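The following pair of complexes shares a single chain, chain A, combined with chain B in the former and chain C in the latter.
Up next is the complex of A and B:
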């Protein structure tokens, strides 16, 4: 998603057509807004302009003015006379000005592109058959679109190192590098960890790490995404899969409340990689390396793959009957989860309301990196507020639950994906309290639970997360869940039905959203699921402005300033 | 350079003062800075570094309203093959440069000035260091110059050993301690966003020395030396197969290329004939001895010149389709293998390309590989056209003027000596060439 922040427009003439573009943007972006591609390698909308690849050379002219009087000089036919810049200019470093004329398809421009493409390829190894980037490579794309189609180069190509370890997660193939410097600028400007640079001169220039340093910051894999060619490769993804076999799903990173927009790629139900998806309001085009590893949880050893009663595998139906038996008529305590989707939290809260249960929820906090890994390490704490599951800001423990248990106010527990021991719940207080556990990964609580119902990871289901800025963002299912596991919404709605004998809630997003919209005073009023599926929707957060949110100032995030009374 | 080769003249401050040195600085410090700029503009003095841009005009572009400090940089990174004039000034008359710089610094109100000298000029740097120390001791530079309120520190900065450090924005980057990757213009025009993103003036050594002479005789008087639009004197550096190579200072346009080669430099070696001349450093376009040029000059006079008739000023070589550049005249007689000469020039540019932008980085090395192969006996018929096409793909598409500097020699060699390239195809010498390329 590209933000449309600048409302002021200026008229320019793009390939003979008068168009309006936002003031102050450059010609590459301006042309893109009107469907004209100006190919580029080094330019990236969220990094500083380097202007070194020269791929975006175009012809540009401005209306001529009389030097003394400042009046526009007119052509014979009365139109303003255009002073064309004699040399081609780079679109990335040329900002629009009123009346500017631009040619992006002239013979001269096409000649420039053909020339640059040829130069980029003369020392390129052309090892596409073994290159991870093949299929999503700008060099391949532009060579097809603008290249000569044959080579005039008969000399020996330069030889450079093919597999340099730049850091724990990034491997460099120097021969493929086109020296665009995107990775260098990224490291300087986003994680502010200046470790990359060029050594040597001319065509022998080589990307390298500073002596004694390595590219090991938590954003290093963004350099792989940024790399327009196959020079920087992810050590994890290297040689694993041809990208054209991958199926992409728009997702949201569940690592922290930053809510990075991601693309989750899979083939035949197997996850291969997670890459950031551009959203200028949330994460620009970046995400932390740590968030990219999360897909591994889907196939981890501690994944719960079937229902259990007293540690014995059983069918979901059997487990469901047992769970309802254990919970029915009791003083239930419900431990919700900030990792659940907004829709799930809403259903859990419905269960709570109907059974007059007490709600508990724990926050998971860690250090904030000030960029895209926030202090709140759950994706949907704000969802718990929005869904009404809790009004208070969760603490990093469940001591209140422990106390309630101690006072025997709670005699049965429904735990959603939480580890009670880790949340400082006194184990002695849990004695004799039946626990129904719903979750993806085994932990001490699932081991103790009377009934375990497996659930799905965020890669295997769809839903909504509310991020630190109160943007409601929709994530889509990337892969099917393991065989036999019910989707969380079905699970919860069956539980609700069994416990209350109300009419059943149809367990799909639309019905749950309709219910959520109908709640009196909900900030979701007037917002439809379709809106959220389309783009991030900013929710009204004024209700919660007094809560002690832990997130620090970061990329596209300002903590709420508390007004001193 | 009038005193430089006087046997009784040394590069010490005593000699300089004896010849009336630093009196112009005294005079200038009493003037308004703008008036000095006006004199320089009136003098019409054009930059001696290669591009020939009027220095006064350059000073006018300076952004004085930004409130940021203004810097003056003397470009002494003389690296253009065939050029060795700045070196002579620095070695023989360093105080002239210092005085010129201090006047210029006063004119643009710079509090800090740098002399960026190329790394290989060890001796030059040493001489400048001691000259600056002398000048500082006498109050000609540093704090409160000559008792006035104006202070300007002067520092010698030794380059890191690359041709590209002579490109003004590359020089600025290098001075900041970075790789000398030239900056993109716009927006980084030195006069607005130069050193440390502050307004900066970068002038050549010879240009800054001229500032002193302009103050001595006045802008109008200076403009009378030489020819209109080609004012002042120039130092020409003649190298190649002439009897007396060396540097010679003349009024602009006072003599022709032929007079320079045959009269001043004593002509070619016995039994040789002139084959080609590169008139302004290796990046300027080569001239073939039997070429003729005709057309109209800017002032309307028609001309019809042979190579030897080209007047030595700025506009003369320009009219002949080349440039006077940095004043490095390279003379080649009939013993020179033009393809090898081309290979040599290409090797230089391939070695010196900074590698920042694509056309120059890849194109210069490609051209080098082609010409080297031709010299090694692997010439092909299509090579001349290929070379020309590669050069055309570089010219005008790069960040800095290096692209042109690398492309022009190839374009002109192919245009004028295509027969030699074709000959190489017919008679390939199947031997490793004797040429030692960088």
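Up next is the complex of A and C:
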């Protein structure tokens, strides 16, 4: 985000008040820094400037100078004379310069806005009652703030197609489009998939895909968030829920180690959509489409909803007693998870230390798209390093566990949300080894496990993920979990307590963070939970600089350069 | 402290002590009413005339073309003070001849009459003039479930009302007469 902290500042005069703004920013952002809104549609801080909506027209002037001598021309009272530009200029394409004068509230400016609003609404269908954007629509907001208040348009409005399919996830309502071209610029500039364009002329101008193409890239739904009006709608969220019912929670996308900041919206405990949240250090304002689907896992068919002993449903207390009985005094192997939060991984590691267990962890890798879907498809692999659960970089298999099982070095397993069969663990080696499984979704391991303890998805709990750039980011609970399911932290602290009869660890974020801070040599020293809750905190990653991280160069991410010896 | 004052009661006069004048006055009122028009109604056989702006049971209405007017914008659900309204929005499939241009309609629409306080906010807020508190005032049932009016019941209660706008017909006309694309 543009902040006042930027190095070089220039003085400008904003509505008669002298203020300082960072050098090189445009007037829309400069005014926003000082609490003045310059309404705009086509301008987006993370896209190129198009300047076609004309909503941000303002009056601008610069101190006059003598053309020959270059000296400032002074007024009668000794102040520099301002040469006002005779016509209004657009704020988005005008950068600040020292001594610049700007009027954002003059009569001329207000008149301009009124006129532009009137033109934009000429062919607007006014179907707010059915429009998904209603409630978060710039057209609604600016019409009330800067519009004329009534329509002088008596002619018949244009009728355009209302449900054009642009791609598998995006539906276009042509009548609502104001031709701001944000979506076109986004596709060109961020996913570099130039697929959208305008065809036809005048009031029949239409957004469309190039012939034979579809808006089907993995970032297509960002155009829906970008759209200042209700023209681009998400086929998934379309007509599902009005936005004013939704409660938002700040979350982190668990899809990959990119750690996109997201807003998870729910109503009455039901999740409806995931949208990106602006963080200029991590994901700008974007996120992949695939990450937006993840809320469906909360209500999926394979969700584990109750504790099981030998596949028979039981209470959590019974399952916990049985789990402790199975693990106690054995040579435990613990399979951690890169999907667990930092706090959970720390507690798992505590269990491992106290019971002298062996740690295993598997990485989940796939193709890197070079933007916001990284090769590491788990949100918190670096958390496993930071929490001390593993020192080595995880492989995409658990062959080492398979070997240990074969050599009978491990005779009981605690598995956190991992599928051992998929991780190439020899099924023959698992015979006779009791497995305690903690996880959200059923898989072959949970089907084989002696004790299954259900846990919560990242939408139902809060915690910290460490992303690919070693930013520790906090995610908040969006919805309550299914009845009777304990948070992972409680499960783990009860297991720890049962296995060691040690003093109890209070299963809340604060006490776990205090413990994490007290670990000797931890990179979390001096960082409190409050800091992480406030904003992304960059951790010192020098300790792990020679690990073979799989992520490729991407948006806001540079792989660590290995120094060749 | 307020002072307590004891008032002497006036002694009753002779006529007051006989009570006869008072009885006569009472009987006069009784007999005069026997010759006036009845004010009570034999409910439920007789029903009162309901005034024009009466706020009865909320209902959903259709326009004279028998189209449902509600587009499930959920503003009534939002504004309802006792949260009696619950709407499940739904999409109208493309290509229905009688519902051209209509994109959205409620899949389910429930009003819990045990919660409803007949305030009329839903009628006031409705941008499509689809919900009206009409003249029906007596709703009863044997169970709580029965007191939740579903979409079918609401349309049955609402019936068809005259329409000033014919919104969708106008849109169709605009499309046919050259403003289409």
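Keep in mind that, in the parts below, the second predicted complex is superposed on the first by the 559 of 565 C-alpha atoms of A that agree within 3 Å, B and C clash if a C-alpha of one lies under 4 Å from a C-alpha of the other, contacts with A are read in each partner's own complex, and residues count from 1 in each chain.
The definition used in the following text is that contacts are C-beta pairs under 8 Å (C-beta built on N, C-alpha and C of every residue); 3 or more make two chains touch, one makes a residue touch a chain.
All of these numbers come straight from a predicted model, not from anything done at the bench.
By the touch criterion stated above, A:153 is placed in contact with chain B alone, chain C being left untouched.
In the superposed model, A:122 lies in contact with chain B only, and not with chain C.
Shared-chain residue A:130: touches chain C; no touch with chain B.
After overlaying the two complexes on the shared chain, residue contacts for A:347 are found with neither chain B nor chain C.
By the document's definition of touching, neither partner reaches A:495: not chain B, not chain C. Looking at the shared chain after the overlay, A:166 reaches neither chain B nor chain C. In the superposition on chain A, A:204 makes contact with both chain B and chain C. When the shared chain is aligned, chain C comes close enough to touch A:244, but chain B does not. Of the two partners chain B and chain C, more chain A residues are in touch with B. Taken together, the two structures place residues 156, 158, 200, 204 of chain A in contact with chain B in one case and with chain C in the other.
Interface residues of chain A facing chain B in the complex, by the touch rule stated above, are 49-55, 57, 86-88, 90, 93-94, 112, 115-116, 118-120, 122-123, 152-156, 158, 178-179, 197-198, 200-205. The part of chain A that touches chain C in the complex is made up of residues 128-130, 134, 156-163, 174, 200, 204, 206, 238-242, 244-245.
Put simply, chain C touches chain A in their complex at residues 71-75, 77-78, 89-91, 94, 101, 103-104, 127-128, 171, 174-175, 177, 179-181. Within the complex, the chain B residues that touch chain A are 162, 179, 181, 184, 186-187, 350-359, 361-366, 369-370, 373, 380, 386, 389, 392-393, 396-399.
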